[in-house]
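Chains here go by letter, A, B, C and D, matching the order in which they are written, and residues are numbered from 1 within each.
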Amino acid sequence: MIWLLCGIVLMGVSGLAGLIGSRARDGGQKLACALILVGVTLCLPALLKVLAPTATVINWRWAVPGGQFLLELDAISAAFILPLLLVVALGAIYGLGYWRHREHPANATKLQIFYGLISAAMIVLLLARNSLLFLMAWEVMALAGYFLITTEDHKPEVCRAGFIYLIATHSGTLALFGAFALLGTGQPGALSWPAAASFSSPQAGLIFILALFGFGMKAGLMPLHIWLPGAHAAAPSHASALLSGVMIKTGIYGLVRLTSFFAEIPAWWGWTLLLLGVVSGIFGVALAIAQHDIKRLLAYHSVENIGIIALGLGLALLGRSYNQPTLVVLGLAGCLLHVANHGLFKSLLFLSAGSMIHGVGTREIDQYGGLLKRQPLTGLFFLGGAVAICGLPPFNGFISEWLIYLASFKVLNSPSGVLSLSLLTAPALALIGGLALACFVKVFGISFGGEPRTAAAASAHEAPATMLWPMGIFLLACAFIGLLPSQLAPLLNRAAAQWQGQDHPLPLSLGGPLAPLAAISLAGWILVVLLALVFWRLRRCSQGARRDLGTWGCGYPFPSPKMQYTASSFGDSLVRLFNFGLWSKRHGGRPDGLFPATSSFESHTPDLFLDRLFSPAFQGAAWLMHGVRRLIQNGVAAIYLLYSALTLLVLLALLTR
Amino acid sequence: MIGRIVLQLLILLMFAPLPLGVINKTKALFAGRIGPPLLQPYYDLARLWRKGFVFSRTTTWVFLAGPVVGLVVPVLACLLLPFGGLPAPISFHGDLILFVYLFGLSRFFTAAAALDTGSSFEGMGAVREVTFSCLAEPIVLFCLLVLAHGADSLTLGGLLGPQLTSFWHSPHAASLGIVLVCLFVVLLVENSRIPFDDPNTHLELTMIHEVMVLDHSGPALGMILYGAAMKLVVLGALVVRLALPLQTGWLIGDLLVFLVGILLLAVVIGVVESTMARLRLPRVPQVLVGTSLLSVFALVLALR
Amino acid sequence: MSTLLLLIVILINFYVLGSARLVACIRAVALQGALLSLLPLVAHGPSGHALILGVGALLFKGIFIPWLLLRAIREVRIRREVEPYIGFVPTLFLGALVTAGAFVFADFLPLAAEHHAGLYVPAALSTMAGGFLLLMTRRKAITQVLGYLMLENGIFIFAILLSAAIPLMVEAGILLDLLVGVFVMGIVLNQISREFATLNTERLTALKE
Amino acid sequence: MLIVLILFPLLAAALSYALPWYQGRSWVLAVSGAVHLLLSLWLVIPSPVPLGPWLGLDALSRLVLVVTSLLYSGCALYAVGYLNLRRDRGNRVIIPCLLVFLAAMTLAISARHLGLLWMAVEATTIASAPLIYYNRNRLSIEATWKYLLLCSVGIGLAMLGMLFVAYAALVGGSTPVSLQFDTLLAGAAGLSRPWLHAGFVFLLVGFGTKMGLAPLHTWKPDAYGEAPGMVGALLAGGLTSVAFLAILRAVQLMNAAGDGAMARQALLGMGLLSLLLAAIFMVRQPDIKRLLAYSSVEHMGILAIGVGLGGVATFGAMLHLVNNALTKGCLFLSAGNIQRAYASKKLSEVHGAMATLPLSGSLFLGGFLAITGSPPFGPFMSEFTILRGAFGSGHTLIGLVMLLLLAMVFIGMGATALGATQGEAVKLDTKFKDNFLLVAAPLFFLLLVLLLGVYLPAPLQTALKDAAALLEVKP
């Protein structure tokens, strides 16, 4: 454990290396990256021991009221820390190529400092077992995240995104203050956390609501996701990967951890999460389809995936409420595994998106095209990530979604009538999956397929090796979980047991809820082998075929790259289908008359909640407050004296009875 | 065990193109023509396999991956299904989800291959394909939920097991009937049949699936056709098993029932194709949403 | 004797509230201060403490501060009219109201036995309230200073009730503080008139929100 | 000894007035600040000195003394650098005034006699008026005028309040009529209730004006906005604490008389109102120093709420007093730097401070994060403790309202603070540059606040506990 702590400290201070190393040769950056790698390595031994029967704990005194420096590594924490370490390490390597010090002298050091800081803060957060320690780490993470997002703070849109993020995260933190203060009532001493399934409070509902707001804000559950698209789009890609792949999961971690304390879980908790999960999932992906900025699109997919994770957690909570142990195990395992999976494939996608941005110089999907020829490896990695995020076999996304499906099917066996409502999870998940597929077909096909739409895309170049290797490793990790999921089963099983406060997990072998993972693995291998064989055979057949012809234009002889489908046109039919909830703005597009003049079409989908609800509401409130201000603080001293007199009178009337 | 698996695969591989021939024959008969011979799909495939490739200079390896996945997926999916008296070779808790998602994989690659050509027509086809299947997937899930409820099992083998007979006789038979209808609709959508898509139309603008594979040639096109045929059989197997849950207890008998069922299904499809007009494209989502509602209704009936 | 004095003090309140002439107001407040300086002697007999208090009050409240103010208006040559936010009649009416209120309020409060008869408490409260009214209803900075003085006068009346409790040093300190306070106000007044060429506080409303 | 602490700033004031050397005067101030700090630490750290009839230090005043002195010494150091920039203004007035102000504050903190306390507080008002008027323009006159008028009237009311309390003793009959605080405290049970209550209200309104509780805060934005940064820091961190101490004296009296609950409710109400009004005024506040002034109103509200809630929250309020003073010091000083550099304090002209003035800009941003209660800074710890108090004592609704208002404050303050600090570097017209004297003090304050957030040494904890214990109702 002490090594773990050393690793955390090394990561935390790694960025300071940027201050000393030589700028021209990126020396500081390399040193910082090395420090992070060493830090990650130091963390690993403790993680390997997580399945050992004795827990690893650090318990030190801490001289603040209610404070106690209590860290503990259990299976739940480990499930979050494992992907975190991978993302942090690979992101740091990627940064060497993507955000070189000498190319970004103004902000590379800042980025490096906060990159290390946020990594360390997140690990501490995931290990903390004391409210104060947790909140400290939480806010350090949130603030470091803010500085990552505003790396390029000379751009106004980046500042705006950062501001929205900061507001959102701080409001969430305040709610957490409330939740943890309530959690600590009745505890005179340190605010250390109760053991799993041992806590009960008359204000449990309020705690849950506050925590749902605070953690949901961070995780990006649907009405609270407002900060997410802008922030992920604004940050440098490897920072986005860290934010989207790992940071937002701390919200999920918070919910998982907090709900584990309670001995009794009211059914409405699970239902609320289920509902939020469905809304986030469906609308997240629908909004993603409507985007044409690749990083915004990926950010909305984070909302979608958080929705899926919330579905898993919701089912697990329902399992607790209705006493369905298999439901708990499957739901929580799905939730935790999807957390890890999303961390992997979303990071992969953000990194490869970064490589595309690096190569082409824009985030607009509509300006890409034909990139697979110019960036073959990036394309391959992106394709892998896309298949994984759509939840398709043989990659890891399928495994976790499968667990959640299975959980929702398990409900069929339950005697409770109300519970069967949660069956709707399965079709909702199917719809989400279908839409995600549409979306990623769009992104992959439009960006990598076809002909380049712009000169910039035509002259795109492949990323350097420091960027390609991390992506490759992510893809391997995705495939690993997809093909050998049973390797993770013990960890998940134990996490589920710890979550319920049980000492002994359900059996893993035959009959246990996680047993079929081995069979899936078999199917996955068959699929991979068959695909490889047939592809190899076809490839051999097709050698020597003519490759110098144009695409068949259905009789039209002069096709141009501009005639290809674009991201907007691809998304249009689906966006129209969801227009009841998206309210896209559409301009032009209909040719008029017999000889139509040049016309253009563009569609733009503002965020449902940020641009349509929160922004106007805040504007209105600000206007109202402005009015109140003019009225109260009007500059006339006589009126101010009147306030004094009135205060005096009111207080006298109230107090001297 | 191995023998049964090989037998099942052989049935799939050998038998797959036949239903297409039956459909075409049926349609021809309805139209008062003699029509192509029943084995015409086999001839087509054989001829395509002998031909050479032509590639657009725009395409990449993804273009080839489409047909590959389209071929492999039905084969693997077939391994998850019981065929007649043959039990499913791979069976585990929750294999039904793998079944559904495998077809998602094939759709992903087919559409990606279509976009790889850079043709606006193929892009159009890809959009339609992914849009409609989005709506079809929840239907399948609802149907599977109904079946799983009836079977008290989460494997495809269990779902389609002997209890189906009693299910038909139980008060929940109505829901099973609705499920059958819904799955049939999904079958038509997934296999691009009228009234959702017309595989034989000549106007690219109205196509869905066919327009996606315009640029394929030679063996690759053959693989696509073959894969589509197998997909029809695999999905058809599901419908047939539901409609004809006869259990003779004798392997050959069960297999015969199964094969006859598939051919009957082909005839029914042929009849539907002959008697119905193709839907206007904007109508398709409406029909699919309607079908989803129907499947929800089935679930409600089943849980009642 | 004290009752008579206090009655005059209250009447002066009304006079100041109703008067339109600035110089007259200043003189009235000066008179009020001078009258109050007699009060300690009247209340507690001619002890040393009372004497010093009385002389101090007379010097500051009756002579020095009014002189300062008069000099200020002479120097800046401002219009010698009181400019109220609300008219004289309403102010007087309000003044009557608060005075009546002070009397009623004083009746409700449990007074020490020896103060039941006197006008001390109602006079203190009503002078204070009158000062407050003056502060709130007048435009000129200088009238606001007058209001503050009246307020202090009210407090002074009350303090006389308790002069036993307040040591002389504190009493002196308080008076000194008051003096310096008004002195500083005078300096600021001077600056205001230099900078704005007026003593109207209407120009002093640039800082808002 | 205490008397030395009060008198030597006065001597230094005289010295600085007499000294004909500009830089020398500045250093007299800085040295006096440092000496004051050392002396007060020397006074406070050993075992408590017995309370005298006039002067004395109890746990509460020890706390306020150290905080004020710490803040003052930092500001005095800053003043050397600052006054260097403002040679045209001269420092012959401001430095003696600053020193008198220090003496008055020290006297107010250590006074054990209510009359003396009143005198000292009034003296702080008078001494600080020239400080606010330092810039000598129309706006600063206006601010000074309003400050003088409102605070003088307020202090006048407080005087009446004191007299009422003394009269309560007179009417009650069983206690000696005196304004000596300990005498009053000892005989509090015998005070006449109506007079005591009225006295409390007048004291609350009077010193509340000085402290800046809404709706008596109206002078604050003007005065803080127009005064130089270090004066703002001293007012917001030092003077408000002193005024709060005066209010706490009244609360102590009410507690001793057994009417503590009533006092707490009044504080709670005014605290919430302050928080609400501050939140309303901070949304889209285009002026960074007025923003800080409203933030000060907000934090006075939090202090009042903390004491109003009682229990753990009182401890939180004591801690918050320390944190608020130090953080405000950092904020006002760095805002002063920004204002000097941009020659403006309006958001329309101030942006990109982080890039333009890396140190001052970062300090301002850090101060903003600290004051809004972000962990790991000190105010988080104190606000969280107050929240714990709220939820723990069953005031769930108040806790939730507080959270909501804090969120509003954050949004409002964030828009301005981030707008000022973020963005591209600006080419400055002024020759301003961050230097050691101008940055050391705010940096020190911020580091101290950070330290208080992660580590609360045992002696400090004891001191805070003792201070809070004075406010507890004794059974």
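The working rule: a residue touches a chain if its C-beta (ideal position, glycine included) is under 8 Å from a C-beta of that chain, and two chains touch if they have at least 3 such contacts.
Predicted, not measured: the structure shown is a model, and the values here were computed from it.
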Among the other chains, which touch chain A and chain B together? none
Report the pair of chains linked by the most C-beta pairs in contact. A-B
CA centroids of chain B and chain D: separation to the nearest Å works out as 77
Separation of the C-alpha centres, chain C versus chain D, in whole Å, is 30
Could you work out how far the Cα centre of chain A sits from that of chain C, in whole Å? 68
Taking each chain's centre as the mean of its CA atoms, chain B sits from chain C at a distance in Å of 99
Among the residues of chain A, which ones contact at least 2 other chains? 626, 629, 633, 637, 641
Interface hub residues of chain B, defined as touching at least two other chains: none
On chain C, where are the residues touching two or more other chains? 132, 135, 144, 201, 204-207, 209
Full enumeration of touching chain pairs: A-B, A-C, A-D, C-D
In the complex, chain C residues that touch chain A: 85, 132, 135-138, 144, 201, 204-209
Over in the complex, which chain B residues touch chain A? Could you list them? 52-62, 64-65, 67-69, 71-73, 75-76, 79-80, 90-95, 97-98, 100-102, 104-105, 107-108, 111-112, 114-124, 126-128, 130-131, 133-138, 140-142, 144-145, 148-149, 152, 154, 204, 214-215, 218-220, 223, 285, 292, 299, 303
Going by the contact rule set out above, which residues of chain C touch chain D in the complex? 108-112, 128, 132, 135, 141, 144, 148, 151-152, 154-155, 158-159, 161-162, 164-167, 170-171, 173-174, 177-178, 180-181, 184-185, 188, 191-192, 195-196, 201, 204-207, 209
Considering the complex alone, what residue numbers of chain A touch chain C? 626, 629-630, 633-639, 641-642, 645
For the complex, give me every residue of chain A touching chain B. 369-370, 372-373, 376, 379, 383, 386-387, 390-393, 398, 401-402, 405-406, 409-410, 412-413, 420, 423, 426-431, 433-435, 437-438, 440-442, 444-446, 448-451, 515-516, 519-520, 522-523, 526-527, 530-531, 534-535, 538-539, 541-542, 545-554, 559, 561, 563-565, 569-570, 572-574, 577
